[in-house]
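Here chain A shows up in two complexes: once beside chain B, once beside chain C.
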Partner chain A sequence: MGLLTLLRKLKRSDKEARLLILGLDNSGKTSCLRKLADEDISQTTPTQGFNIKTVMSSGFKLNVWDIGGQKAIRPYWQNYFESTDGLVYVIDSSDQKRLQETSVELNQLLEEEKLSGVPIMVLANKQDLLNALSAKQIAEELGLHSIRDRTWQIQACSAKTGEGLQQGMEWLVNTLG
Partner chain B sequence: MRLRRFLLRYYPPGIILEYERSSGIEESKTIDLLDLDQNTDIDATVEQIIRHEPLISESKRPQRTELRDKATSTEHSKFRLYQALSGHELPLTNCAFNKSGDKFITGSYDRTCKVWDTHTGRELLSLRGHRNVVYSIAFNNPFGDKIITGSFDKTCGLWNANTGECYYSLRGHQTEIVSLSFNPQSTLIATGSMDATAKLWDVETGSELYTFAGHQQEIVSLNFNNIGDLIVTGSFDHTTKLWDVRTGRDVHTFTGHKGEISSTQFNFAGDLVISGSIDNTCKIWSVRTGTCQKTLRGHQDEVLDIAFNAAGTRIVTGSADCSAKVWNTITGNCIASCYGHHGEISKVSFNPQGHTIITASSDKTCRLWNVETGDCTQQLQGHTDEIFSCAFNYEGDTIITGSKDNTCRIWKSEDYSDRQQYYDMQ
Partner chain C sequence: MLSFIRNLFSSKNEKKETPVTVMFIGLDNAGKTTMLSTIQGETDTNTTPTIGFDKKRVVHGKYNITYFDLGGSKGFRGIWDRYYGSIHGAIFVVDSADENRLEEAKQALFESVRHPKFTGKSLLILANKQDKKESIPAHEIAQKLELDKLKSLVHRYNILPCSAIQAQNKPQDPQIKKGVTWLSESIDEQFESLNKRIEKDMRDEAEQAKLEREEKRRIVAERKAKEEELAKAEEEKKLKEQSAAQSPE
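And then the complex of A and B:
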């Protein structure tokens, strides 16, 4: 990839939409991205920095940035806000203990000036696990229905099986288009 | 006229004469010996210099042999991992040594620039204040007492390299600053930005002197020539421009590339500029006429970085096709091709002696190569993610590498360890 590629990805382009994937650590952001890019997800380790991949969805080129979610490096999420066309927020649907924490982070993102009006796709990930909450339950817990300043959608998915991921991207592409 | 001091410059080889005029005024004169090599008949060279240079006497002869032997050494020493530094919280961007090599600096996505002690590996300073990625960094070599940092936060920081004090935060660019440089005299700073302009700033006052406007797209590369009267900028608009530092006007626009420019550089003499491009080629341009002298073709994919050797006689190009190539500047012929990396090569440079090149790759390794044969002499393994930057110190016995794995590694040549042990025993 190299530093020059980073600069080229930074550039706003008419041909490529720039998506940002955020969410708590262990929510499955990198797995979602890898699955979307048809890559093996069995070797995924916690992301210390970021991963960038170009994926195609409904004929559109998506320039997707997956940013590490550990608490210590969340303050640096702002580094990547510039020129964002769409936000993907990933939630571990099986981890009910951290719903409060992820809700706080999400609300802070919604207040960011640089992300104002940016459409958001909430991925209710890990639906393959038995104790996963449904997308409807999560939308209620997070109070998504009170979002008025942008279009949003929640999609149940599983990075493990791939179920729901394409639908999520298609919704975003249609919204941006 | 009286000769006061006689200085040797190793990389590139040259002699600097400091002398006193009969009026008492001190001046200096440089004799470049850019063509010096192992086969140079040193006696003939000396005779020629003495004939043309009344300041030099017979007694200086032995030192010139030393100059040839050191400046053109072809020893390929092995490097060993000396230390892995994990002070940064996020991926590194660029790294750079000061002239003496006792310190180096690293920029990072964690918004800091850190100053490190090359010998102990200790973090000396962490320059804080930027609100986004610190991308481009530089010492004011050869002085080394100041540092500049270009950030995605649109500002450039000017810092005291010893105390970490921030002298100025240079504001004016509309978007990310991604290239910068001090002029050789350390009186000016030039910055290049994704806003398609370059700016010139005064070191003393921190004020903006000129905006170089003319590029249609992002400026990603910027360099001064050795005298400091010209700046070259490379842009995503496929052109390279030459600017007059004194007037702020554009002198030449080098057009011909069919893709974004990735990297630019002046040769030591300052009569040539090279530009690497996404169009898979590197072009050599004449500074005087503004015309293309040679197009270096052979890479199968984007050329991501380019560099001259210290004397300007050779060029190295690194490509997304996973290979690096060495070229003769005069003929434009490819001398050697370096194959072996499994990922794109995003950084290349010569060691100061010019017999080795280093390549940094997305395959998580750096490799050292013999310039004449293209053989890989060593792999620097250990990073766990791709390597974004690498640099030799001026002596050529230490390498630093900056990676996406959040670490910086120091590699020292075995000669260095031997010498250090020798010093330790004294």
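And then the complex of A and C:
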């Protein structure tokens, strides 16, 4: 179900939305996407290029682009910015050491002209791990409060258990209208 | 020609509107997001709990109001104060049908108005969900929230009963518009001094945010340099070992 149920809620007239999933390597982008599509997540390997998932239902189409997060790949992110309707930014909430790095990457994305005004769903992933920071702590660390030029939302989630993923996407779909 | 005249008028009108920023506060499930969609004239008021930030601009008479909508859940309220510096006034939404949470609402309300960046601004309280059978009338809500204690803390306050959600085909609850009018006029009374205050607070905040961002960038760059250095040293060590192994004894 997952993505399909959400799709039915899309009300926009062009009936097509393009989502981009970004975040550092190992943050869980591909796992989140697979879990949403009800696929097995035990076998994900680092994404070298990108994965595209297109979901169609009763005339609606959701294109989700999942792009690898390794440092060497990050410069290529910008090739995918064009006509993005919504951005999903995935954080490994258990990796405190890399919060600053992911924050710097996010700040760069926020300055991208092609992504200006694009709503952001921040997924505070890996909440099943004991040392995961809460969504509020992540919001503080990332300084999300200084984002004033667009709507944003943060959702605690776990690609492993599926917790929170549906709510996160539901907000995004609601926001895209 | 006609369109030229129209443009002339509309641009003139735009300039005439006074830009005002107002923030919604209140516990989760109070109806803030629903209220904002209603104010925007939307009839579909399906919401999901907010754990983030949204911004909508709505023209109200001679005011161009930017509304901030933030989540009210317990874990998220701590972020509200980051926005106080930018606002002219606030709307506190309370669920009038949820008696059990009025104490919690009172705590949250007073924590907000006591914040140095909030104190002295105007506050509208909307006693929402009056359509519900079990809802408590506004004057009782006012007592339970001890609103009389607000006098020394805000420029002006006012409480109105209302419903963000109306039965189908019924027009928007007029109390909401009335409240917004009251709030904008009350903001107007101290507009000049408020603007100066906001300008200063926002400048400080922007400066602070910039410093924080630069600091992060510096730390990340430093770490990267260190990692690269380590990798290089490792590489050199390996090369040396190799050449040592290859060189004749």
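Following the convention adopted for this analysis, the second predicted complex is superposed on the first by the 157 of 177 C-alpha atoms of A that agree within 3 Å, B and C clash if a C-alpha of one lies under 4 Å from a C-alpha of the other, contacts with A are read in each partner's own complex, and residues count from 1 in each chain.
In this text, a contact is a pair of C-beta atoms (placed from the backbone, for glycine too) under 8 Å apart; a residue touches a chain by one contact, two chains touch by 3 or more.
Quick caveat: nothing in here was measured; it's all calculated off a predicted structure.
Visitor: Applying the document's definition of touch, where does A:L130 land relative to chain B and chain C: first, second, both, or neither?
Guide: neither
Visitor: Going by the contact rule set out at the top, does A:E101 touch chain B (first), chain C (second), both, or neither?
Guide: second
Visitor: So which one touches more of the residues on chain A, chain B or chain C?
Guide: C
Visitor: Have a look at where A:T151 lands relative to chain B and chain C in the superposition and call it first, second, both or neither.
Guide: A:T151 sits against chain C, while chain B stays out of touch.
Visitor: Inside the complex, what are the residues of chain C that reach chain A?
Guide: 46-55, 75-76, 78-79, 82-83, 86, 205, 209, 212-213, 216-217, 219-220, 223
Visitor: Using the touch definition from the top, list the residues of chain B that touch chain A in their complex.
Guide: Residue list for chain B touching chain A: 89-91, 93-94, 109-111, 131-133, 135, 152, 176, 178, 194, 218, 220, 236, 260, 262-263, 304-305, 344, 346-347, 362, 385-386, 388-389, 404-406.
Visitor: Touching chain C in the complex: which residues of chain A?
Guide: It comes out as residues 100-101, 103-104, 107, 122, 134-136, 139-140, 143-148, 150-155, 167, 170-171, 174-175.
Visitor: What does chain A use to touch chain B in their complex?
Guide: Chain A reaches chain B through residues 1-5, 7-8, 10-11, 48-50, 68, 72-73, 76, 78-79, 82.
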